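These are the structures, in structure tokens.
Each of the next two complexes has subunit A plus one other chain: subunit B in the first, subunit C in the second.
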Partner chain A sequence: MSLLTIEGLEVTFENLTGNVRAVQNISLQIHDQETMALIGETGCGKSVVAQAILQLLPGNARLSGTILFNNRNLLQLNEREMASLRGKEIAIIFQNPSLALNPVYTIGWQVGEPFRIHQNFDRKRSLQEARSLLAQMKFEKPHSAVKMYPFEFSGGMNQRVLIASALALHPLLLIADEPTRGLDRELIDEIIPLLDLSRKKYASSLFLITHDLTVAREISDRISVMYSGEIIEQASASVFFHKPLHPYSQGLLGSLPENGFHPIPGHSPSMIDFIAGCQFHPRCSWANDRCRREKPGEYLIDGQRVRCFRYDRG
Partner chain B sequence: MIEVEKITKVFHNGWSRKQNQLVLDDVSFSLLPGKTFGLMGRSGIGKTTLGRVVAGLVKPSSGEVYFHGKNIFDMNRQEWLIFRRKVQMLFQDPQGSLNPKKRIENSLHDVLNLIKIPFNRRREMIDDVFQVVGLSADFLTRYPSQLSGGQNQRVALARILLLKPEYIILDEPTSALDISVQAQILNLLRELQQTHGLGYLFITHDLEVIRYMSHTIGVLGNGTLNIVKEDIHAR
Partner chain C sequence: MKRYVLNRRKYLWWFGGALFLFFIILAVFSSSIAPYHPRERFEPFVSPSQKHLWGTNDIGNDIFSEFVYGSRVSLLVGLFTGALSTSLGVVIGLIAGFHSGFFDEVLMGLTDVVLMIPRIPLIIVLSAFLRPNMWLLILVMSILWWTSTARVIRSRTMQIRAMSFVESARCLGFSNRHIVFSEVLPNIFMVVIPEFLLTVASAMISETSLSFLGLGDPSLKSWGTMIHFAFQRGGFLNGMWWWYIPPGLGITFFVMSIVFLSFSFEEGEFELKEEVKDVSFNN
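Up next is the complex of A and B:
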């Protein structure tokens, strides 16, 4: 059963310099107890999708489409209903752990916050819960950890603190927005199994947003590839890493270290001045006249969905 | 050639001696022109501190750094200015190393101003380095926030190349970038090394990247540097 269904979501930011079409007509589903990874380059609109789900976008954003979560359209809820949902049913781990925590409150206060807000626990009890959560996140001394401030922790520790507070109320959907950005390999190997384990333990689904393909390969069940505001390929993880269909996905895998650092030529396109046809055609070695004229539709090849004319069999 | 000899660095964290932290303990290595020395280690181990010592930005507690046979901490002002010009540093966060309130063009002009290049020759020099790093001239009028991470990193690299350095200290130059952009920057750095004969001190925690880039690899752990492999591949 699908927990979250996004249909035809469009997000546009109205700016003085022009309208930025950050997300264009994307549709995706996240099923119960699965890990879905959304991968793509910086600035392709991945985080905007996460913020659209939680309605955290700034005032100049215009949204259309539907986001169904447990058969409720999140785009039609008011702020109060959304606030009761955030942290309780849908939780998010933001990128940059050191900035996501408030520097003037203790770790214990911040991890205990969901309990105070959603379950009306008092200060003492919320601290107690915070301690047990931190212990689960493999903090050696949770008693002293709750009294410390974010600047006293390393990036990896702060990341674990964020995971702890996101998992506090056993959310149905956990969104992790670049949980490994800026962490070194050793810490990634520590954080990612922890995320995976927590998902299995609390039976929630994980929506992992990342540009790190190795991380996506390690824990995700399905992969969606985003390029310039569109989802261009969706496949199960095991199939995707063996047989990517879209030329962009192939390029991404080719730039991995084990495949010899072969970069995709060119830069990602501007989100303001859109080019006609397929967004990827200026960088694609397969591009023909049709790619320059028309936008490719979605083709279904053995369970993989791909937006590329190479797979047009009709 | 840059020779680093018996560098020790202690950080004093509090009033008690117990809180003194020995970050670098008797570290020696040398940087050769046209070669890359890869420096590895986990985060917080002192990789960046060592890089900053080599660039002359941090004074070590003991030990010396020699640039063409001269101790950099004993240089007179003239020599020091030349040293600072010839040894440049590229930082991890490209956005943070460019002034957000200045157009790219003005950031580059600042550098040329420092080395007293006349105004009429500047545009030509900028166009040249932009060609080398693969940027088009219309980026010049933009602000750093209007560029992507990889593009900003290219601008930062262009700014360094304007000074015609001999050595570049690369402090995690690609860890804030995407995988596909990382490959672009790494290949660009290798190309520049071949054409300009630059020597690199490449600091990273990424094993694959360091294997791809380095001639010699040193691993920093508990303050000491172990040189693991010399000339791993004759590229």
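Up next is the complex of A and C:
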């Protein structure tokens, strides 16, 4: 059964310079106990999807479509109902871990905060819970770690602290928005298995948003590729990394070091400009007249969904 | 010179702190420090001597005792006004800064209106119609003095609100009230302290000026009242410097100590900012 179903989600930001169609008619499902990775270039609207799920978008955003979470449409909930969902059922880990922690409180205080607020634990018990969570996050000395302040920790340590506080109340869905941005390779190798482990342990689903293909390959069950506000390919991870269908996905895999570092020509498009037809056609070597005129629909090829006319057999 | 600049905060802190502590002790332990009760009468117009350290006034009250007890009034008016108006300003500033839009417009409009009210003339008019009373004075000053605090707090709140730890607090499902008071407020506390101290200083000066004009609480002996009587009953004309110099210096040094303390807190805030900067470079 699917935990989260997004159907026909559109997000438009109203600006003085014009409307930005950040997310255009995307549909995706996240099942129980699975890791779904949303990959794409910077600025393709990945984070907007995460913020739309949690209703954290600024006031000039216009949303339409449905986001069903446990059969409730999140777009119809008010702020109070949303607040009761955040943290308890859907939790998020942000990029920039050091800025996502309050500089004036100790680590233990911040990790214990959800327990105090949502479960009425007292100070001592919340600290205990914080210590055990930090121990699970591979902190060697949780007793001294709870007394430290965020500026005394490195980015990787702060990221683990954030994962700990996001998992505090055993959310059903954990969203990780670029959890590896700004971390070096060694720290990434430390954080990613930890995310996977906690996902399995707490029986929640993970929605991983990243531009890093290797990270997505390591832990995800299914992959969605986003390009310029649209999802252009959805596949299970094992299939996707062997046989990507969409030319953009093929280009992404081709740009990996082990595949020879071939960059995709051109630049990612601005979302203010209107591109007729397939969004990818200006950079696509297969593009023909039809790609320039019509928007491709979704084609189902052996369980893989792809938006490209090359797979149109009808 | 360079050393002075580098250590300025320390000097300000020690000098201001020592002076402030001195006046606090004076106010709290008035009854054991002062040799006589301020209303006890001796020979009038005595110049400073062994028996009367700073002489006596026209009705024979001991000036030193008057001075010591007078510190209580200044401190009481200053601290109460400071506490009331700062809390009012902090709450209004936090609400306006955090909920931008309608609340912000209304509250900042209100701030502009209150800011335009001429403070001292209003108090003079009020005390002409109502009986001059210290608590009334404190209340009226608190209602008029919160504006600058509210503006400073609002701008800092808007700054803090945009930081990602506020957003991550929202993502953990914390209520707005919790976020405002437990996430945002501790981060702007270093701005609140100097604002509080400066309000205290300005309230003390206002109280003294009003008492000097004869609009103070007649049942209390404050430093302003002492100068008022020295002026009215010939202290200035007859050159009885011991009558008006002590209260004048008292208010000057008391206010100076508070201003120095608030300066040192403001410089402390600079250091805090540097630290925050370091954090963002870490990742």
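By definition in this document, the second predicted complex is superposed on the first by the 314 of 314 C-alpha atoms of A that agree within 3 Å, B and C clash if a C-alpha of one lies under 4 Å from a C-alpha of the other, contacts with A are read in each partner's own complex, and residues count from 1 in each chain.
Just so we're on the same page, a residue touches a chain if its C-beta (ideal position, glycine included) is under 8 Å from a C-beta of that chain, and two chains touch if they have at least 3 such contacts.
Keep in mind it's a predicted model, so treat the numbers as computed, not measured.
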item	value
Which superposed partner A:L256 touches (first subunit B, second subunit C, both, neither)	first
Superposition-derived comparison: subunit B or subunit C, residues of subunit A touched	C
First (subunit B), second (subunit C), both or neither touched by A:M36	neither
Which superposed partner A:D184 touches (first subunit B, second subunit C, both, neither)	first
Partner chain in contact with A:I26 - subunit B first, subunit C second, else both or neither	neither
Subunit B versus subunit C as contact partner of A:I264, first or second or both or neither	first
Touching partner for A:A100 - first (subunit B), second (subunit C), both, neither	second
Contacts of A:H211 with subunit B and subunit C, given as first, second, both or neither	first
First, second, both or neither for A:L56, with subunit B first and subunit C second	second
First, second, both or neither for A:C291, with subunit B first and subunit C second	neither
Subunit A positions touched by subunit B in one structure and by subunit C in the second	154-155, 182-183
Touching residues (chain side subunit C, partner subunit A) in the complex	101, 163-165, 167-175, 178, 183, 186-187, 189, 275-276, 278-280, 282-283
Contact footprint of subunit B on subunit A as seen in their complex	41-43, 154-156, 181-187, 211-213, 251-252, 255-258, 261-264, 267-268
Subunit C-touching residues of subunit A, taken from the complex the two chains share	54, 56, 59, 83-88, 91-92, 94, 96-105, 113-114, 117-118, 150-151, 154-155, 158, 162, 165-166, 168, 182-183
Contact footprint of subunit A on subunit B as seen in their complex	42-44, 148-151, 175-184, 186-187, 205-209, 212
